[in-house]
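There are two complexes below, and they share subunit A, which is joined by subunit B in the first and by subunit C in the second.
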Partner chain A sequence: MDILNALTAFANFILVPGLAYGSQLALGALGVTLVFGVLRFSNFAHGDTMAFGTAFVIMFTWWFQSMGISFGPLPTALLALPFGIAVTAAFVLGTDRVVYRFYRQQKAKPIILVIVSTGVMFVMNGLVRILIGTSERNFADGERMLLNPQDWKAWTGLAEPLAIKTTAVVSIVVAVLSVALLFWFLQKTRTGKSMRAYSDNEDLALLSGINPDKVVAVTWVLAAALATICGTLYGLDKSFRITVYFGLLMPIFAAAIVGGLGSPLGAIVGGFVIAFSELIITSAWKKIGSYLLPDSWLGDGLYQALSTDYKVAVSFAILIIVLLFKPTGIYGAK
Partner chain B sequence: MTRYRNLWLFAGVALLFVATGAMLSWNLSLQILNLALLSAIMAVGVNIQWGYAGLFSTGVVGSVALGGLAVVLVSGKPVPAGWEAGGPRVLSALLFAALAVALAVWLYRKLQAGPKRSLALVLFGVIAFFIYRGLLDPAVMAIEANNPSQAGHIGGLGLNSLLAWPFGALLAAGAAWLIGKVALGLRADYLAIATLGIAEIIIAVMRNEDWLDRGVKNLIDIPRPWPVPKEVDLQASPAFLDPMLAMGLDPVTGSSIFVKLIYAGLFGIVLVALIWLTERALNSPWGRTIRAIRDNEISAAAMGKDVKFRHLQIFIIGSAVVGLAGAMMTSMDGQLTPPSYLPLRFTFLIWVMVIVGGSGNNWGAVLGGLLIGWLYLAVEFLGPQAMEYITAGLPSGPVKDHLRESAAHMRLLSLGVVLLLVLRFAPRGLIPEK
Partner chain C sequence: MAEPFLIGEAMTGGYGPVDILHSCTIAVEKGEIAVIVGPNGAGKSTAMKAVFGMLNLRQGAVRLGGEDITKLSPQARVRKGMGFVPQTSNIFTSMTVEENLEMGAFIRSDDTIAQTMEQVYDLFPILREKRHQPAGQLSGGQRQQVAVGRALMTQPRVLMLDEPTAGVSPIVMDELFDRIIEIARTGISILMVEQNARQALEIADKGYVLVQGSNRFTDTGKALLADPEVRKSFLGG
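This part shows the complex of A and B:
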């Protein structure tokens, strides 16, 4: 029995990566849930909006790096983030003007908007491919490790190392700040309140003189900002690749539905539920077990319930369970 | 003129194929035609779901892949050593999993609702999962250890791959039943999201479960279906060579064209049969029920129609048709390459075909399949060549490389733009529903 080493291993393999990945998913799910709440359709282009935003952040990062601008120990991409958000927001507002507005005025069925969003997804996917290609891009710079495994060992004297990447902490901090800002905006400002009113009851909101165009535009800007932040954080933490971002749609949708589509708080809870389930089910528990149980009990299995290739199966299984037993999700009312 | 509009449209598409044949090569034209015919069958399947009933599935690629898997299992070459190493044990593990799920469902219905039931079921699930892994893992290791460079899988039954076609339809129908049971009857978006997930899982299984289909090591050399000869055999047989030489044709090209013509004939027969069946179904009382449900679910339900059951039925039939086409495609290719099942190629391209052709109209789906199939594949073959020609004058360097590379990506962009334009300006498609 060696509880401290076991806890360290748990923090190293599950807790820290889970918090970082969970924050990223929460931001992605927030974007999906906002669009769903206000515009009332599931935006399939969200994954590619993330990729689009990240591609611009990467290009701005390269530009800054070429000019010798850096952010000290933090990744330069954080400086590039506002510029990436601006470009993405402009593009997304453009797609709303050219594509979505027409269907909104027609009062088209939500499923038509879902199909339209797959068309937008194609366009954005193609643009990103042309802009930055399909190969993997690594754009994290600055200090790589916030906590070195050697330092940890020397400091605590434990056998088990604990490594904390800067990008993991950056993910968590940026996510907390963005969420705090978003909730303040939704709860306290006039525009935020009108957004929530519009989402709750469109007709009533229109009757009380809320300008729907403004609500929709603000929603798109927020969704673009959240998508860009989420994509950049994920890209910093892992790496950027266009096909991976399409694959993130599944866990993000699952997170939004677990929490209840349309509920911002639910999206955050859902993000962490999905992230930790994925890690708990696809991690090898042998290391952690080896500190808690005698060696002779363990045998030579990895104690991994599913291989990491089946990550998508975890979010899918959770999605199915939610759809079967509580289709409105944890916080959903509609 | 307007009376024969549809005929003209089909004639125009036929002209595209003839022009490709006459100007470039008949071999290429037939190759595109065969793939376009398969896409047309898939489009008929998707049209059943979307056009008849308004169900939006983003998991078409999963049905296509399951069809391919069926070919491997039914007509792949047997690997007796691999099967003996663990085949029965794998089957028993799968049987155990099915029984455990059935038992869980039974327990859920029998036990009283409450936290105790949830806890018991979770515990049951975890224990059953570990027993399942305990049964499966040693068998998988044993199978994959058998001649891993050439086999390492359980092998197929070695039957004619024509038999695999209906089996592919059956597999896809089974998956559709499972997913439809869960996701239908909720918001329409949920079906789209759930099918996206199941398709990704099906492809993940096919890529990673080497014991089943060799995964990313690919499975080649699947025997051809019965009436199709091999080019090599044709080139050696005097019965084929003599008329070829008499007509003054090159036997190598001739044999390849001959084989493709037989495939085109087989696919054509299936397509015609499907159109006949779907046209009959669409104009029957059943078809009218389905369209009534699509146009107004509430009033159809008020008339006593079981909306959820009809949706499930339609979803299964449509997926089965796509699975059939998927099986036909693998048996034509003679190989299974799991990494080639891309959602963009097999889900969203098929969607564009249906929407451009005319949702709700079987002929429209076929026209869309042939037209978009030609465009997409012709660009696949010709795009890089055209770009090569355009950039021939440029000095080699990053600009030229980037332009040549972006030729492949332009296709996605234009597909998206076509989809958006048609949805906006001609939502009823080229051949609108009557």
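This part shows the complex of A and C:
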């Protein structure tokens, strides 16, 4: 019974939140890794692209709510998602047209594009502040809990509650569907294959008659879609705030680099590695320990390696370790 | 004499301000094999790249089937029927053999792509066996087969090979040369740069010996092999 209670506490504090957060990071890292693979630079504006997309999803959600449209037990934001993606994709394509294309034609070095993307980041950040403000926005509606802690206790008779938020499950399901769709696109369609070919060997892709402008445009649309989905899921699960989204850039880049920049599979693995590392290191293990160890062994401590305030340090540390010992990441080749 | 099918005539030019080619002429007839040989730094690869439009010519012209293509980009030349196999990075390493071939056929929209793929598999049976393996996992000789196969998928009229046997064993080299002869027999012209001068000239209808970006000797492959001066200077006796 104690072991079951310990497992429940583990699921409640680490497994379920980790799967949800990992799904969100994986989607974010996929966007970063796609842009890196095809356009060959680290897009620092990705965090603010997420915020931009989410801001539009929130505004569409409010509009839908004001018209009385809802999605039953699911968040209305899911209905608003396609519209948010469309606006973000249009904006990102416009940015490519007026900013990135110029540097591509100059054959600018990747580091210059990184700095350019930092500029784009500030512009998008400012736009989002104007659009939706700097304060926290909650836009989750529908059924709050998929599994109520009281119900769990009643069903199982365990002392330890297990709560599963609807948004956590929505995160995981939407992420799985998005990833499946993305991999199907990359592996099976002609356009997807031409994207991989372009990412693999640009010169040979050009020799094969692949149109680089089309590949670049499709990549931006995919990156915008992934960023908007990632941002919306994160916002539903936690809340939306522009500064937080800016900060998400850190774990997302850590995830993409741990997995190996340019590798979609690596981005997913990296997302979960970062999410679970953060949770395992910043969680208080006392509760789980109290079911497994005699009371006298435990003492007063929380058994928390690092305060949650410092969770960014975890991604930072992992990032540095990976860059020192295996800079190409888990699945990276280049 | 009628003009050759593909000719780069009196080409002068280089990558930057310095000329590498000096009035160099390279030509190949329909269904024949032309080989460019010469010492290191003679401009062999450069001559072939010039024919393919990868460097700017200050003088001279390139004509394909009588049509002047001097001003066309390499991509446009692919659409005109020229296939090019670079010396290095000539395959998509992360993609399967079959996907490599599919990418070769990217510009085609007809429905005979599967048929061409079958022909490539018939030519290189090992590729059929390894069709679902990432091309980067194959051996050097097999990679070259993928590279040649990818270029054949565009159904080119001229196939240009930049040192196809670089870094492969002598047995694999003979094998590749046999395949190249087979390709030429189907009516595709072959223009090839080779380090292994002797073996390449043996299969060549036409040989070009370049020195410092100029034509030094031009003759049939057999005649060049028999020429004592060519033997002494370029074929090691």
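Here is the rule we use: the second predicted complex is superposed on the first by the 333 of 334 C-alpha atoms of A that agree within 3 Å, B and C clash if a C-alpha of one lies under 4 Å from a C-alpha of the other, contacts with A are read in each partner's own complex, and residues count from 1 in each chain.
The rule we apply is simple: a contact is a pair of C-beta atoms (placed from the backbone, for glycine too) under 8 Å apart; a residue touches a chain by one contact, two chains touch by 3 or more.
All values derive from a computational prediction rather than experimental measurement.
Trainee: In the superposed arrangement, which partner chain does A:Ser307 touch: subunit B (first), subunit C (second), both, or neither?
Mentor: After superposition on chain A, A:Ser307 lies in contact with subunit B alone.
Trainee: So, A:Pro327: does it touch subunit B (first), subunit C (second), both, or neither?
Mentor: It touches subunit B, and subunit C stays clear.
Trainee: Report for A:Lys153: first if it touches subunit B alone, second if subunit C alone, otherwise both or neither.
Mentor: Touch partners of A:Lys153: none, neither subunit B nor subunit C.
Trainee: If we overlay the two complexes on their shared chain A, which of subunit B and subunit C does A:Asn201 touch? Say first, second, both or neither.
Mentor: Only subunit C is touched by A:Asn201; subunit B is not.
Trainee: For A:Gly209, is the partner it touches subunit B (first), subunit C (second), both, or none of the two (neither)?
Mentor: Only subunit C; A:Gly209 stays clear of subunit B.
Trainee: Once the structures are superposed on A, label A:Arg129 by its partner contacts, choosing first (subunit B), second (subunit C), both or neither.
Mentor: first
Trainee: Could you look at A:Lys193 and tell me whether it touches subunit B, subunit C, both or neither (first, second, both, neither)?
Mentor: A:Lys193 sits against subunit C, while subunit B stays out of touch.
Trainee: With both complexes superposed on chain A, which partner does A:Met121 reach: first (subunit B), second (subunit C), both or neither?
Mentor: It touches subunit B, and subunit C stays clear.
Trainee: Should A:Lys286 be classified as contacting the first partner (subunit B), the second (subunit C), both, or neither?
Mentor: neither
Trainee: In the superposed view, which residues of subunit A touch subunit B and also subunit C?
Mentor: Overlap of subunit B and subunit C footprints on subunit A: empty.
Trainee: Give the list of subunit C residues in touch with subunit A in this complex.
Mentor: 74-75, 78-79, 84, 86, 89-95, 99, 102-104, 106-107, 150, 154
Trainee: Mind listing the subunit B positions that touch subunit A in their complex?
Mentor: Against subunit A, the touching part of subunit B is residues 54, 56, 58, 129, 133, 182-183, 186-190, 192-194, 196-198, 200-201, 204, 207-208, 343-344, 348, 351, 355, 405-406, 409-417, 419-420, 423-424.
Trainee: In the complex of these two chains, what residues of subunit A are touching subunit C?
Mentor: Checking each residue of subunit A against subunit C gives 190, 193-194, 196-197, 200-201, 203-210, 333.
Trainee: Which of the residues in subunit A come into contact with subunit B in the complex?
Mentor: 41-42, 44, 99, 102, 109-112, 114-116, 118-127, 129-130, 133-134, 246-247, 249-250, 253-254, 257, 261, 305, 307, 309-310, 312-313, 315-316, 319-320, 323-324, 327
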